[in-house]
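Chains here go by letter, A, B, C, D, E and F, matching the order in which they are written, and residues are numbered from 1 within each.
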Amino acid sequence: MEARVRSGVPGLDEILGGGFFLGQTYGITGGPGSGKSILSMEFLVRGAENGERGLYVTSEVSPEKLVRQMPFWDLQGCIDRGDIVTFSTRPQPGDLSERTEKFDLAGLTYMIKHYVRNNGIKRVVFDSVDAFVQQYDNHLPLRRALNDLIGMLESYGCTTLLIIEGSGDMSRECLEYMVDGAIELGRIETHHDVVRYAQVRKMRGTAHDMNKRAMEISDKGIFITNMRPFVGD
Amino acid sequence: MEARVRSGVPGLDEILGGGFFLGQTYGITGGPGSGKSILSMEFLVRGAENGERGLYVTSEVSPEKLVRQMPFWDLQGCIDRGDIVTFSTRPQPGDLSERTEKFDLAGLTYMIKHYVRNNGIKRVVFDSVDAFVQQYDNHLPLRRALNDLIGMLESYGCTTLLIIEGSGDMSRECLEYMVDGAIELGRIETHHDVVRYAQVRKMRGTAHDMNKRAMEISDKGIFITNMRPFVGD
Amino acid sequence: MEARVRSGVPGLDEILGGGFFLGQTYGITGGPGSGKSILSMEFLVRGAENGERGLYVTSEVSPEKLVRQMPFWDLQGCIDRGDIVTFSTRPQPGDLSERTEKFDLAGLTYMIKHYVRNNGIKRVVFDSVDAFVQQYDNHLPLRRALNDLIGMLESYGCTTLLIIEGSGDMSRECLEYMVDGAIELGRIETHHDVVRYAQVRKMRGTAHDMNKRAMEISDKGIFITNMRPFVGD
Amino acid sequence: MEARVRSGVPGLDEILGGGFFLGQTYGITGGPGSGKSILSMEFLVRGAENGERGLYVTSEVSPEKLVRQMPFWDLQGCIDRGDIVTFSTRPQPGDLSERTEKFDLAGLTYMIKHYVRNNGIKRVVFDSVDAFVQQYDNHLPLRRALNDLIGMLESYGCTTLLIIEGSGDMSRECLEYMVDGAIELGRIETHHDVVRYAQVRKMRGTAHDMNKRAMEISDKGIFITNMRPFVGD
Amino acid sequence: MEARVRSGVPGLDEILGGGFFLGQTYGITGGPGSGKSILSMEFLVRGAENGERGLYVTSEVSPEKLVRQMPFWDLQGCIDRGDIVTFSTRPQPGDLSERTEKFDLAGLTYMIKHYVRNNGIKRVVFDSVDAFVQQYDNHLPLRRALNDLIGMLESYGCTTLLIIEGSGDMSRECLEYMVDGAIELGRIETHHDVVRYAQVRKMRGTAHDMNKRAMEISDKGIFITNMRPFVGD
Amino acid sequence: MEARVRSGVPGLDEILGGGFFLGQTYGITGGPGSGKSILSMEFLVRGAENGERGLYVTSEVSPEKLVRQMPFWDLQGCIDRGDIVTFSTRPQPGDLSERTEKFDLAGLTYMIKHYVRNNGIKRVVFDSVDAFVQQYDNHLPLRRALNDLIGMLESYGCTTLLIIEGSGDMSRECLEYMVDGAIELGRIETHHDVVRYAQVRKMRGTAHDMNKRAMEISDKGIFITNMRPFVGD
């Protein structure tokens, strides 16, 4: 069996049955504001603290804004030390190459491979896949391109989180069939309160906790508890 | 972390965990009659009282009608003093340029930049983005154009509210993924009463109140309470 | 603020918070048989009794049939005295011009302007907008044409009701975003009874009653009560 | 106001508030097996007993089969005496003209006019409109053609029932907006029983019973009761 | 009225109010595994025992497989004696004519007519109509072709069951409007058990049991009870 | 009747009423992470232990990854001994033939036939059919190609499991109509726990357990119990 990679995110390894598997790819799903970006970035920060270099690929937000919006942990330090590399597929001011227009999944796979090779990257986050998925209007070439990306990352031993918004025509479920595991983040609203949760929806190769577990976001980052997210309801 | 901008709308800063972040963009969603325009205009009026100049871009209603329909605060005074600038993308009687037809998000970004630069604008409201979003029939160029608009506003330090109706093919949720935060206004109908509420759905960079909070609209404007909108139900 | 126009329909002005606003446009929505036409016609009759001339534009039914189907009030008298003018966009027997085919919203705006000017019209009802809305297959030109119609009516000080069936592809909600107010008529079916209701869904510029209110239709016309439409359920 | 036409179907006139109106057109809706054809045919038989000649237009079933499938009343006698005329738009064996293909609503209107004129028809049933509605792929020409049909029938004083299956793209609700009244037939299934009901959904020009009323079909035909269709549930 | 044909399937004639009508066509609907094929085949076997020859038309399964999958009754004997004729529209190994591609409903009608004439067929089962229905992309020619098939079968006095999966774009309900009766087979899942049921949804020309009735499938075939399919729930 | 093939998966043969039928094809459905791949692979492993050689066709995952992700039983040993043959339709690194692009269901049928013939295969698993089904945009040629595949497998006496994701336009239900049986895997989430279940949805030729049965996945593989998956709810 694959070796395990402890995410280091408090509580996450427990519901995964011992952490992610090395070199596999996982989907992170959830609505706007559900905590997908924070959980994924903390996955990189905890890796960096452990000597595993991370790559954060964003399709839209500039890396500088990302850092300002996550004033948790020592994210800026990780970036300054080169322990986390950020890469935006969005053209920057002064960027002549009009990069985004031409980026498809094949180009992205090529680019990420370049980063992974040259920087010894071990953890990858892709926030989000939707802008790329939306370039395809049928399932077949999309499945192939995603498989190529996943296969490349696996061949380099990169453990990867794909943030999946599911806002386009290709359904969220279709992507969940293709990844090795899937974690859903959400909110439950009762008459009394609104509680965040994390739930492992799929995890190949191991038994895992199937329940929704209450999750909190504070200025220290993510904390997944071992409690059900229903309080007195 | 970004500096905070207190909206000044009674109760709003509290549920935002201390106000908006400077230079970020927020979505305001809700059905017809839910109070999106009033809340957004009060955001400008309260800024003007505090010395921050505001820009109100409307896609359809004439600025004169807007003022007549919000006989709250000293809106007319703010406009007369130039503290709030209104701009309608709808051609006015006698306007030869047939402006609306040609306006796309790129043109709008250019125009707003012009206003922001020349008038020292610090707060922007865009009521509503739907007429512009409806010019796009796939997600990719829309995402890029919106990112350009958001990036421009950020580079000038403008805190912005985008009113999102979500009436076209591009889903409301897709837009909510792209903004830095999102507030939903709505109504809850029980057997006993109908109560308005405001709920922060997304807020990057801070903990925030996740609950629905009862909201009232009176001739003094918006008032967001710290109570749940369920009364004896 | 705008001046108020008391509709004169029993109970309607109360739930509107004091009547319509002069020169503004309101949507009337509801399923088949919900009372949209009767409420709208009574709005004209009550205006006529008060010296405000009305225009009833129908897209399909002949004016003669309309009168026969509403044997309430002194509708025939109003028409005979010219206090209510009816106009059908449907070609009449013997009509050579094949009018309907060519009528679009721009043509209709032109035609209504003509009537309004020449007859000193103060109240307009448009029953229904759907046949016109269905000529458009995307939102943008529809929004513009509707805005032109609404702007023209406002410039002449006409208070207007648009009956919205919402049977085509353009959603009912999209139209409700564009008007200054919206009233929904409907039916609630319990185990014990079926009760009609009226509910103000949107009303710019004023506080208003947000509840569903029981409504009755009798041979005297519309009567909106101050009671909730739930009896012993 | 229009004169009333008592349908003669037991219980139907009561829930209509006194019968149909002369020369108006009513929609009959309901799922497969709900009793639309029987109710409509009984409307013709009761008219024939009262000296009003009827026309039954079917789009698919042969008139002979229709009669065999409704062994109620003296239907065969009515047909033999010419009190009820049946006309099928479906080509019969030996029919060279391939009629159905070319029949559109305009052709049908012409054909029915011919029958109505020559036979002094006073009641018309059209079972069903769906095959004709399905020839149109947008609302506008359909609305016009239906309006022409309805106007022609009215000009000859024919009271008409349109059976609406609603199986195509044009929604059932769209047709219900166009007719002068609408009756829905259906079934309610409880843990204890299945009960048929009839409900007047729309009725221009009169107050009417808005409730679902229990309906029975026996070998004497339709019987609409004054009871709610909920027994001990 | 038509003569009755007793199906011979235990319990079925009772809920039909005395059996099918001679020469009419009935739809059998239900999800995968609901018993449509078994009920229909038993209809043929019981007819054969009574001297009425049957025809089983299948669109996909080979007749040999069909027999092996229904080891009930003396099906093989019926086939050997020629009391039940099976015909598959699916090309068989060694079949050069590539039959399926060219088969449309008109071709099928012609072929079935041939079988019916030459073999004195009295009962027909068509399992399933979906592969044929899916050749049509609008309702009109489909309605006509189905009417021709139904008319032909009636003219030869064949009582027919059409198995309707309803898996394509043409809705199941549309087909149910066209047949003379419809029986739905299904499953009800409670906390305690899963129970099969049969329910007559439509039956022209007679009163019938409208309730869901518990149904069992055993190695003796179908058994429809007179009980509701709810046990202690 | 067909001979039975005991799957060997604990508890599965019991709910099938005694195992699968020799040479027939079964659908396995369920959401991401529901256990479809594990159940299917165990079906092959148990066959191999019994001397029946198995073929595992995957559309995306490499065979090596598959084995690493199922560290249960002696899967690697089965493969090493040639008792289970794996075949991926996804091009491998260094594979010049670009196989996937050209693979359609006909090509796959040909390829599987080759494997089955040369290796004496008795059990086949196809994980998943979706990438192939998605090559078709209407039902007719898909039905034919699937029937050819099913017929070929039957002619060689192969018992087959088709994993059906149902993520494309062709509905899951459509495929379930075509196979000889269907098993659904799923999860039930209560306030107290999440429990896996297996349910036989369809099974031609035999009575079977119709209930949902609690299922567990451990490091020994699948275990289907005889209990309902509702615990204290």
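Keep this in mind: a contact is a pair of C-beta atoms (placed from the backbone, for glycine too) under 8 Å apart; a residue touches a chain by one contact, two chains touch by 3 or more.
Every value quoted in this text rests on a predicted model; they were computed, and no experiment measured them.
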Quiz item: Can you list every chain that touches subunit B and also touches subunit F?
Solution: A
Quiz item: Which is the least count of steps on a path of touching chains running from subunit C to subunit E?
Solution: 2
Quiz item: Hey, how far apart are subunit C and subunit F in touch steps, shortest way?
Solution: 3
Quiz prompt | Interface numbering overlap (same over half, different under half) for subunit A and subunit B | solution = different
Quiz prompt | Chain whose average C-alpha position is farthest from subunit A's own | solution = D
Quiz prompt | Greatest separation from subunit E - chain, by CA centre | solution = B
Exercise. Just give me the whole-number Å value for how far the CA centre of subunit B lies from that of subunit C.
Key: 30
Quiz item: Where the CA atoms of subunit D average out and where those of subunit F average out, how many Å apart are those spots?
Solution: 52
Quiz item: Which word fits the touch map of the chains here: line, ring, star, complete or other?
Solution: ring
Quiz item: Can you name the residues of subunit A that touch subunit B in the complex?
Solution: 31-33, 37, 59-60, 62, 65, 68-71, 90, 93, 100-101, 128, 130-131, 134-135, 165, 167-168, 187, 189, 191, 193-194, 196, 217-219
Quiz item: In their complex, what parts of subunit F are in touch with subunit E?
Solution: 1-2, 21, 138-140, 143-144, 147, 151, 154-155, 171, 173-174, 176-178, 180-182, 200-205, 207, 210-212, 228, 230
